[in-house]
Amino acid sequence: MAINIEYVILRHLQMELKAPFTTSFGTFQRKELILVEVVDRDGVSGWGESVAFSAPWYSEETVKTNWHMLEDFLVPLALAEPIHHPEELSKRFSAIRQNNMAKAALEGAVWDLYAKRLGVPLSQALGGAKKDIEVGVSIGIQPTVADLLQVIERYVAQGYRRIKVKIKPSWDVDVIREVRRVFPDVPLMADANSAYTLVDADRLKALDEFGLLMIEQPLAADDLVDHARLQPLLQTPICLDESIRSYDDARKALDLGSCRIINIKIGRVGGLGEAKRIHDLCAERGAPVWCGGMLEAGVGRAHNIAITTLENFTLPGDTAASSHYWERDIITPEVEVHGGLIRVPDAPGIGYDVDRRQVERYTQFAKVFHRTATA
Amino acid sequence: MAINIEYVILRHLQMELKAPFTTSFGTFQRKELILVEVVDRDGVSGWGESVAFSAPWYSEETVKTNWHMLEDFLVPLALAEPIHHPEELSKRFSAIRQNNMAKAALEGAVWDLYAKRLGVPLSQALGGAKKDIEVGVSIGIQPTVADLLQVIERYVAQGYRRIKVKIKPSWDVDVIREVRRVFPDVPLMADANSAYTLVDADRLKALDEFGLLMIEQPLAADDLVDHARLQPLLQTPICLDESIRSYDDARKALDLGSCRIINIKIGRVGGLGEAKRIHDLCAERGAPVWCGGMLEAGVGRAHNIAITTLENFTLPGDTAASSHYWERDIITPEVEVHGGLIRVPDAPGIGYDVDRRQVERYTQFAKVFHRTATA
Amino acid sequence: MAINIEYVILRHLQMELKAPFTTSFGTFQRKELILVEVVDRDGVSGWGESVAFSAPWYSEETVKTNWHMLEDFLVPLALAEPIHHPEELSKRFSAIRQNNMAKAALEGAVWDLYAKRLGVPLSQALGGAKKDIEVGVSIGIQPTVADLLQVIERYVAQGYRRIKVKIKPSWDVDVIREVRRVFPDVPLMADANSAYTLVDADRLKALDEFGLLMIEQPLAADDLVDHARLQPLLQTPICLDESIRSYDDARKALDLGSCRIINIKIGRVGGLGEAKRIHDLCAERGAPVWCGGMLEAGVGRAHNIAITTLENFTLPGDTAASSHYWERDIITPEVEVHGGLIRVPDAPGIGYDVDRRQVERYTQFAKVFHRTATA
Amino acid sequence: MAINIEYVILRHLQMELKAPFTTSFGTFQRKELILVEVVDRDGVSGWGESVAFSAPWYSEETVKTNWHMLEDFLVPLALAEPIHHPEELSKRFSAIRQNNMAKAALEGAVWDLYAKRLGVPLSQALGGAKKDIEVGVSIGIQPTVADLLQVIERYVAQGYRRIKVKIKPSWDVDVIREVRRVFPDVPLMADANSAYTLVDADRLKALDEFGLLMIEQPLAADDLVDHARLQPLLQTPICLDESIRSYDDARKALDLGSCRIINIKIGRVGGLGEAKRIHDLCAERGAPVWCGGMLEAGVGRAHNIAITTLENFTLPGDTAASSHYWERDIITPEVEVHGGLIRVPDAPGIGYDVDRRQVERYTQFAKVFHRTATA
């Protein structure tokens, strides 16, 4: 079944987060993002979302580098010839180094269109079978420990299946000890966001007593080698995020022993195809995976739900409810969490309708790429 | 009834004409145009179309100057405060000199939204009552007179109510003589497109014998004074197009005797409000008017139909069928001509639905302007 | 002597005026402008300046419409073939309607290059012979009459040869009366900036008693006809500014009796060539001219000085000293006024060196157009 | 000595290579590049050059991503506060992940300005002492082996001190055997450009017999781990290029044994500061380094010459003469190679004057960033 994309629409959206979000680059509440719509000859649409941020604080990619890659390289390649299966795209894009978030956004839209043309949910097209997925939540650094405990209490009450607490050298061991004291049994993990170096090995070791599910990305964002020297010193499994950009990175990390768990983000690894390959490798190697979050709007959230239905996604992911982040999401219905679970949609494709009027309310500008003009 | 526009979408379209169109600037077949959509809080849309061309051959305005005026001045002014009636806009835009096509495109969209909110056809909101409008056709300079006669024959057979033939010094008296010989009774007019000067008075005088309805814009595009010296020398009425940009221009032209007929183009005079005022003045002064054409797509065509329903539009206009210009127009149904007549739609607003998928197929890029961000 | 332009540089500058400037569109102190540099094969540069403002309050043109016209139409036409004389450009640009300021900026640069290649001052290349030019000054609407009188006193003391006072219906007869009382003999004129209509004829008539040199542009910005009905009612000569965009406009204005004096602005009429033709016509008809100002930076100022050396520029113009407007102008030396006179430079071309470092300090962005790529 | 940058000019140049250059992304002959000029209060300029290409075939960076990073993040950071030493910038830029070529371009310009303010050559400011540097040359894949031998002969005759031949699976062992047969003693190396995987270990092993100086980047562009498994199987030293983006990468590569030689490219590692740190580390570890080439224009070439004067740059680099690539370079004098040597300039800063007129001939557009507006 060939997918003949007639045109691609890139939309630059600007959405207001419910709460400010703090990064190494500063705090923001306005999230810019690119929405990708691929439309075939029958007017059927597939939707994808770029997870790049406005500034290069998480990785080198930004909304602008993604737009550039999509406009100047990826969309023309996608329009150049019919696509028989979404997985063809990673090969078709291979001459372009990195720029994974841009590739993932376009490939995701093609996956959605592909599943819709097959008349099956995207989850099923990916090989997933779960009816529900377990959802954890990620809590940023709070003003005080008391505030943190209050926030955790609220989320535990809402049934979230795992609590992730951001840590950094001045906000780690004592904080986790206090959390553990109040919540002895809650599935708890710490996200270090590359705030540590090998010099801090002992501090990280001190977290072993709290039975954390994992410590996420303790060392440099592009490292495998130093993590392989750290993991043997810790009982707590290391989970890698930014360091894993591809199947090969996962293979090398598992070979070197850099980590025991991998957080798969579709955008970070270059698309659903590569995410699936990393999932399958980790399944073979007995390394559990879970789906990380990047403050996605509804379309990105729907893709995260679909990939999380794959069997070896055994740990709760970060894909919270739409209302956790947005006053009004761009999909109907919105993603909802009940008792820490998200019901996997069974409609074709991503399983949620895109609310075009709501998308317009967030759109700043858009560009349309036509087969004739580009091919 | 206040119109609260929540956001405005400017779309830059590129549509392929069925046949190449020749101007003093060269020949083109690809027409760029701006589509304006104003959306109120209830998601109701009003549509307008800028008639500016890509190059400044008809007037100083182009698609790019229109986009600049809309983006940087006119849309912010329209979003600044609620609009109680579309006619407020010409005053609100008055500090901006000329740039009429840009003003008309936005005012037209507001008129459409206003009429839709009232639940009446735009024609009725403008004070028009006709059920049908008479349609003429405009024929460019042909390779040979024989070709011209063939084209005229086809349009006469299709029932068009008036034939307009483009003339220039090397293609005028002999050509019209031959047309008159073959079509002695057809309502016939000549469009000179400013190709003559006062020196050519005698050549123009030689057309008197053919009982033309009018000679359109014989002299310079911005002139009233020289036309007032020419008209007394001719029996054939002069009709002015480019020279009339406002109510004041019409007043001065009629005072000076520069013309006896005025071709009203909504875009050229700055909007439906000013077009109405010129219509009413000409009605008072006994000067018939008709509606000129600018190769509009469906939305512009619908606005032309609506204004032509005003009583003193007594001469057939240039608003031909959609299929006369486009393989596929952006409205459903398309504008059709039967027996030289267009049936005036009675649905609210412009009376035609905009086909969003078809608009996307022609859209190159778009920008959305939000009340909050702009106001 | 063919002028072979190898490349053209458009620079978008942003300069801070010494004092805020108030228009119908609001007050601004930051002036954006386009500087045009044409460079021939030997690396000789000719400089021109667009007088368009950021907003279309004076005319429909803006900095952005000028950039668009230069980039998309005028520069490619100028680079298409060698130029034997700057006057060829107005014909070469003729298919482009209006957009005079854009045309004038590029033509001006070619005139400067042309004069430099001839080794003569631009003034001489234009046919001017004056060694000095007389300079008047223009004073905006002041908070109080007392303030106005103080400002006039200062300029009279500096030797400015003519005082221009802005008037509007609520700030005219009484103000002028007071000015005349304090300065009975100073050469005085009023600039109405289209603030009146024919209804105000009597108010304007009341100014006759003050022996004004002229009233500038009392009625609408694009009018000749109503001014022709007003002038016979006044003793004070009407001077037209915005209404005169071409030689033909001047001819019609003088034929109709719309004015007795014309303020020639190079940018408004489309270039030095057309300015010269209007000058020559007015000389034939006994109508004095003077050179209006548009807050130019040094390059525009130098062009104004050059055109003002033509014989029939018998009334002092608005081309004040650089320091009247700018902390630091972009030319060395700066334009200076001594005893109400500017010494006409005798170096080749515009006669002032462009200070490239200072230009860089004001430049926001620039674009270079190369013969090969464009031609 | 604080460096107070008053404004920064980014220029987008387009230069025509003498010969087409073939990459995995296709062949190009037109090279786009960004030139960075930082200007201090006294009008002294420092020059840097981005080595990014138009398409992301070498790394994820392109000319457009570099312009985006410089405009939106790096230039504002550089203008935010005075700079006491160029090495402060890598810390000041640290919140921005990767985007090394953009960082290097700006830091390089600041180094040039810093050295000029000190009145010393850039080489000396970096701690280099060589009077000359040895130059090798890099030869792309040729149509036939005979062609390759001819090209090598020419360069050997010109005195180039080392020959680099590009190889790929279908153009390696037999080709090198033939080259060695004709040139038994020439210092010879092979550049694999990531064309191999571990599966090809034996093919690479077969090159051992030819006494190559090194094999450059045989495996994936972002790999350290697989190279560490390959190196023990080969006698020929592996040299890493794309894999080494930072001091940490170099440390890990040497720790893991991924390579024995490092090709330092200033742009790839994020600037002269990081290049120096990698040089010093390799000196400590006894791993020779050399300076790779990226088709630089004169400014980039001058920076390469300066860094190559550091002591542990013991192997000839790729910095050939200007005329090897460009009909007309942007510096005067141009970089010349005599007997395989480039004389290190002793004028302050980069030691070459930038030819502003020639820069203009290649400039497409430019943007100026001012301290006030940005800081």
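All chains are identified by letter, namely A, B, C and D, in their written order; residue positions are counted from 1 within each chain.
Please note the rule applied: contacts are C-beta pairs under 8 Å (C-beta built on N, C-alpha and C of every residue); 3 or more make two chains touch, one makes a residue touch a chain.
The UniProt protein names, listed by chain, are A, B, C, D = o-succinylbenzoate synthase.
The shown structure was predicted, so the numbers you read here are calculated from the model rather than taken from an experiment.
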**Chain of greatest Cα-centre distance to chain D** = B
**Request:** Report, in whole Å, the distance between the mean C-alpha point of chain B and the mean C-alpha point of chain D.
**Result:** 60
**Message:** Averaging over Cα atoms per chain, report the distance between chain C and chain D in Å.
**Reply:** 52
**Mean-CA-position distance for chain D and chain A (Å)** = 35
**Complete:** Check: chain A positions touching at least 2 other chains come out as none
**Asked** Touching pairs of chains, which are they?
**Response** A-B, A-D, B-C, C-D
**Asked** Hey, which residues of chain C end up touching chain B in the complex?
**Response** 24-25, 55-62, 64-65, 68-69, 72-73, 95-99, 220-226, 245, 248-249, 252, 255-256
**Residue ranges of chain C in contact with chain D within the complex** = 6-7, 9, 39, 43, 357, 360-361, 363-368, 370
